[in-house]
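In the two assemblies presented below, chain A is common to both, partnered first by chain B and then by chain C.
Let's turn to the complex of A and B:
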């Protein structure tokens, strides 16, 4: 029987586990830099940023490395990687590589020739970036994804406040996902109860209403909220017409509109999950509890709720996991302070081409999933023990 | 069942026929800035080329991210043939070897171009300006006359639209701080100059609705979500002239203009076809087709003269406008763009 699962295991390994692992490896891979600048890093062995601009051998090695990279068509990649670590150095590296390949940087002293043409190389921080990349593996991206970096002496320090963005994005992502899950649960449980206890026809209608949004494109559902919530949209029109507010409220491009849009999209998952469990719970338990004298709310809380808890937990898990990965919705209806980790991953993948950083942030997302999964597993185990007892 | 099969056969037959026709000439993938910009290029320029040569043009839209070209070149999976790219990015991409160098045989006589519209790797696709505009339907109080008015939320209440990036936005912040357009880059290059621009942005931040694509900005302006916004001039002119919108361009507030350049991606399947296209495009009559439909300037001087005078007055380079403007400083952005965008991104998320 186990053999029947073999094709599935191979399939998953080939199309999921292997590519994801390959991608995550990018978060520590440093072979492009360590190979491309091998001569320079060797010449810089023993040099430290505190020593100031390195000597002639390092300059000769650099010009040789960059000339080689230019001829191999790898100079763009090197410039890209150095630029990621010291923003603003891309153009300098590219121009130097072009001139180096043409033999334009020569003279009795390569150091003097290069510094005369490109004074940017007198910056020890730039040399420190090169010196720090002698090894084929790096912790640079993983540290950066936690707003950390190594200082000139190799010690791990917090990066400057004006550059730190990832920790707050991480906290925000977990918080938004948590709140969305909570709101979904609060709305879905009564709704599922209504669906389960309504007469068959009404139950089907309610169910269809829950399912209907699932068949609409995510993009449309999101954009509609912009129209509904904008300053001159129907919600603000109603609020001002009835005199509830005097000035239209800023509803769209806020955390509020983000929650609304996300809850609307994810709510059906929670309702389906809870309702499917609720349908399997016979109503005789509630009736028994009521006939023994428990008020409805007590009966529901102590009898019905534990019975439907597995549905709530799996619904919560689905909603939370989906919410963690959101980025189109925050980009469209959220403001600048509502963007989540995935928007950074998308930025580094599509726009700045920093795949090491994208991979490091993906590691973060996977770790949150892992922790979330463990919590859920524990909750279910505890629940199972209680219902056994 | 038979009917269904017959239908399937007919559809298959039709698709075989269309793909046979398409095989006649591979389309050139041309990447522009979307919306009415692409529409004007399609109607005024590309359709003429296709009619003449039979070579179809496949249009794609982007936001000018050079990294997309980089990614395609590094992965050796190039899908873009010809792209319109902002001139500072053309400079960087050209040095990196992403774009094909153009010979004078393709571009024609360099002396026939406006300054800054010809580069060893590209020819101008359009000269555009970022201007201050407001929606007359939602304006309360007096109309803005300067960028200082734009910053003044007591005088003119309502949200402002603003481009969510450092480039083009820091310049406006300096204008609002009272710097003349011609002096903005001198001030930005001074120690603390960039800090001064960010300090101005701090003041306006709570009143801004950020945009990343023109269509977002225009949607917000049309719906009254913002009362005024920064925007590329032709998008607004298009809405005023063709859609009869109550928008107003405040040229006298000061503005900057820049140039987008057509460049051919090195190593793309359509590299040669792209070069042929640019050679054809470099003829004044051919490139004027775009500016006749869209209020952006041309590269070739003779092409500008082919645009009717009635339409030319909408261009940033019209005598009534250009006296308030200055050109974007490519050298400043080539050197500082990545560092300033990183700082801006962190600032925005706070």
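Let's turn to the complex of A and C:
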């Protein structure tokens, strides 16, 4: 029997788990720098930024490393990685590598020759960047994804306000997902109740109507919201016809349109989750509470709500986890200030080919997803135990 | 009107409004796509089916549709080949490590697609397979197999296992039992799983946009690149056709479910 599952397990491991794990490892991978500058970092062993410009051996090693990198076609990668850590050094590294490969930096003292041609190398901060990257693994990207960095002495500090963008995006991602989850939970309950308590045929019809949007592609539903909310779309047409506004409103590419689209896209999952629990809750509890004299609203709040809470929580877990990872919807209907972590991940892959940063942000996204999902499922499990007792 | 009746009216009235919010955008796009104008607007300046004709004329729409169709069909096939035996093994077998397999299978379901897209881009780039249909097919299959597995396992839950023993005692080998006894009985589940697997691949945009190149576009990729410029009524026309398609598939899946319930009742009696 176990053999029947083996092909699927191998397939998913090779095609899915392995690529994802390999990619996530890039968040701590530093082999490009540590291999590319192996001789230099060895020569810098024991050197500290406070010592000033390093001596002749380090310069010789650097020129040898960069010449090698240029011949292997890896100087561009090195320059980019160093530039990420010390902005403005890309050009310096590439030019130096070119000259080093052509043997133009020579003389009785390589240090004097290089400094005469490229005085940029007299900056100890640049050498500190190289010295800090001797190990094949780095926490640089993971720290950067939390707006942190290491200063010259290796202590973890906050980066400058002007470069700090990731914590803000993290907070925004969690906040948007939270709001969407909350809206979904609140507005789904009466509809779920209708599905659970309607006569069988009507219940099936309502169920199919909730299911239908779920079967339509996410992209289509997102695109439709752009069309519906645009300046000459139906919503603005209705608003101006009824004289509610005189000028069409800019509804798309705002936080408002993002919430609308995300709620519409995720609502079916919440409704289905709540309805499936409600179906199993007989209405005798409500009737018992009412016959004992509780007003309807009290009976609902004290009896029905706790009974359906597991459904709401598992629906919330699904909606929250999906919302955290949303990429297409914020990218299409959100404005520039509504972008979430996932759009940063795509940005660092598509625009700047910064795999380390993309991977570190993915690790961050997976961690909050894990924490969010665990919290909601733990709450559900605790609740389940209480109602069993 | 007493309070209980009022609450009922409120509940159904509210449900109608909420369903309108969920469904109206999908419907309002139908008249908008039949515009005679050059841009999408509401109300439409006049009626015409020119944008549907445009879809048939533009080879890019047809080729992207064809691309998606091929990819989704192969994905469905792979999901069946891998998912059905695994479902049988997991539903009927007793062996250690089952939980581990479930965890493994759940990973593609909960992983944010953007991570899947970027990771598979990095993976297939290292193999030189970006821009190749195969890469999209493989990743889509990994995303679709778990759904196939759960659907088939659900249909196996009500399966009378004595039928398998009966078949064996009458001299049928395992292969014959699979094709003559097991598969016909779980067919509704397999068909429903296949429909969902097909849809997962056919509608998928994020992985496809990382892994496809301009001349290997899938249909969602084609729509996506059209949205970023200004939205042409042709996109609305595609949207209408796709909504129509998913309506048909949903009806098909519903009918299959009804049939399987009936079938199960027949087997029991």
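To be clear about the criterion, the second predicted complex is superposed on the first by the 320 of 389 C-alpha atoms of A that agree within 3 Å, B and C clash if a C-alpha of one lies under 4 Å from a C-alpha of the other, contacts with A are read in each partner's own complex, and residues count from 1 in each chain.
Following the convention adopted for this analysis, contacts are C-beta pairs under 8 Å (C-beta built on N, C-alpha and C of every residue); 3 or more make two chains touch, one makes a residue touch a chain.
As the structure is a computational prediction, the values presented were derived from the model and not from experiment.
**Q** In the overlaid three-chain picture, which partner chain does A:88 touch, first (chain B) or second (chain C), both, or neither?
**A** first
**Q** Should A:268 be classified as contacting the first partner (chain B), the second (chain C), both, or neither?
**A** A:268 contacts chain C only, not chain B.
**Q** Check whether A:336 is in contact with chain B, with chain C, with both or with neither, and answer first, second, both or neither.
**A** In the superposed model, A:336 contacts chain B only, not chain C.
**Q** Name the contact category of A:328: first (chain B only), second (chain C only), both, or neither.
**A** A:328 sits against chain C, while chain B stays out of touch.
**Q** Mind telling me which of the two, chain B or chain C, contacts the most residues of chain A?
**A** C
**Q** If we overlay the two complexes on their shared chain A, which of chain B and chain C does A:101 touch? Say first, second, both or neither.
**A** So A:101 meets neither chain B nor chain C here.
**Q** Considering only touches as defined above, state whether A:194 meets chain B (first), chain C (second), both or neither.
**A** It touches chain C, and chain B stays clear.
**Q** Scan A:168 for contacts with chain B and chain C and give back first, second, both or neither.
**A** It touches chain B, and chain C stays clear.
**Q** Regarding the shared-chain residue A:210, is it in contact with chain B (first), chain C (second), both, or neither?
**A** The answer is second: A:210 touches chain C but not chain B.
**Q** Looking at the overlay, does A:4 come into contact with chain B only (first), chain C only (second), both, or neither?
**A** second
**Q** Give me the intersection of chain A's contacts with chain B and its contacts with chain C, in residue numbers.
**A** 226-227, 230, 232-233
**Q** So in the complex, the part of chain C that touches chain A is made up of which residues?
**A** Residues in contact with chain A: 3, 7, 10-12, 14-15, 18-19, 21-23, 25-26, 28-29, 32, 39-43, 81-83, 85-86, 88-90, 92-95, 101, 104-105, 107-108, 110-124, 138-139, 141-143, 145-146, 149, 199, 202-203, 205-206, 210, 220, 223-224, 227, 231, 235-236, 239, 242-243, 246-247, 249-250, 254.
**Q** Quick one: in the complex, what on chain A touches chain C?
**A** 1-5, 7-9, 11-13, 15-20, 22-24, 26, 187, 190-191, 193-195, 206, 208-213, 215-221, 223-228, 230, 232-234, 237, 264, 267-268, 296, 321, 324-328, 332, 342-343, 345-346, 349, 355, 358, 362, 365-366, 369, 373
**Q** Any idea which chain B residues touch chain A in the complex?
**A** That would be residues 65, 67-68, 70-71, 73-74, 92, 95-98, 138, 159, 164, 209-210, 219-220, 223-225, 334-336, 338-339, 342-343, 345-350 of chain B.
**Q** For a test of understanding, state which residues of chain A touch chain B in their complex under the given definition.
**A** 73, 75-77, 79-80, 83, 87-88, 90-91, 94-95, 98, 162-165, 168-169, 226-227, 230-233, 250, 252-253, 335-337, 339, 350-353
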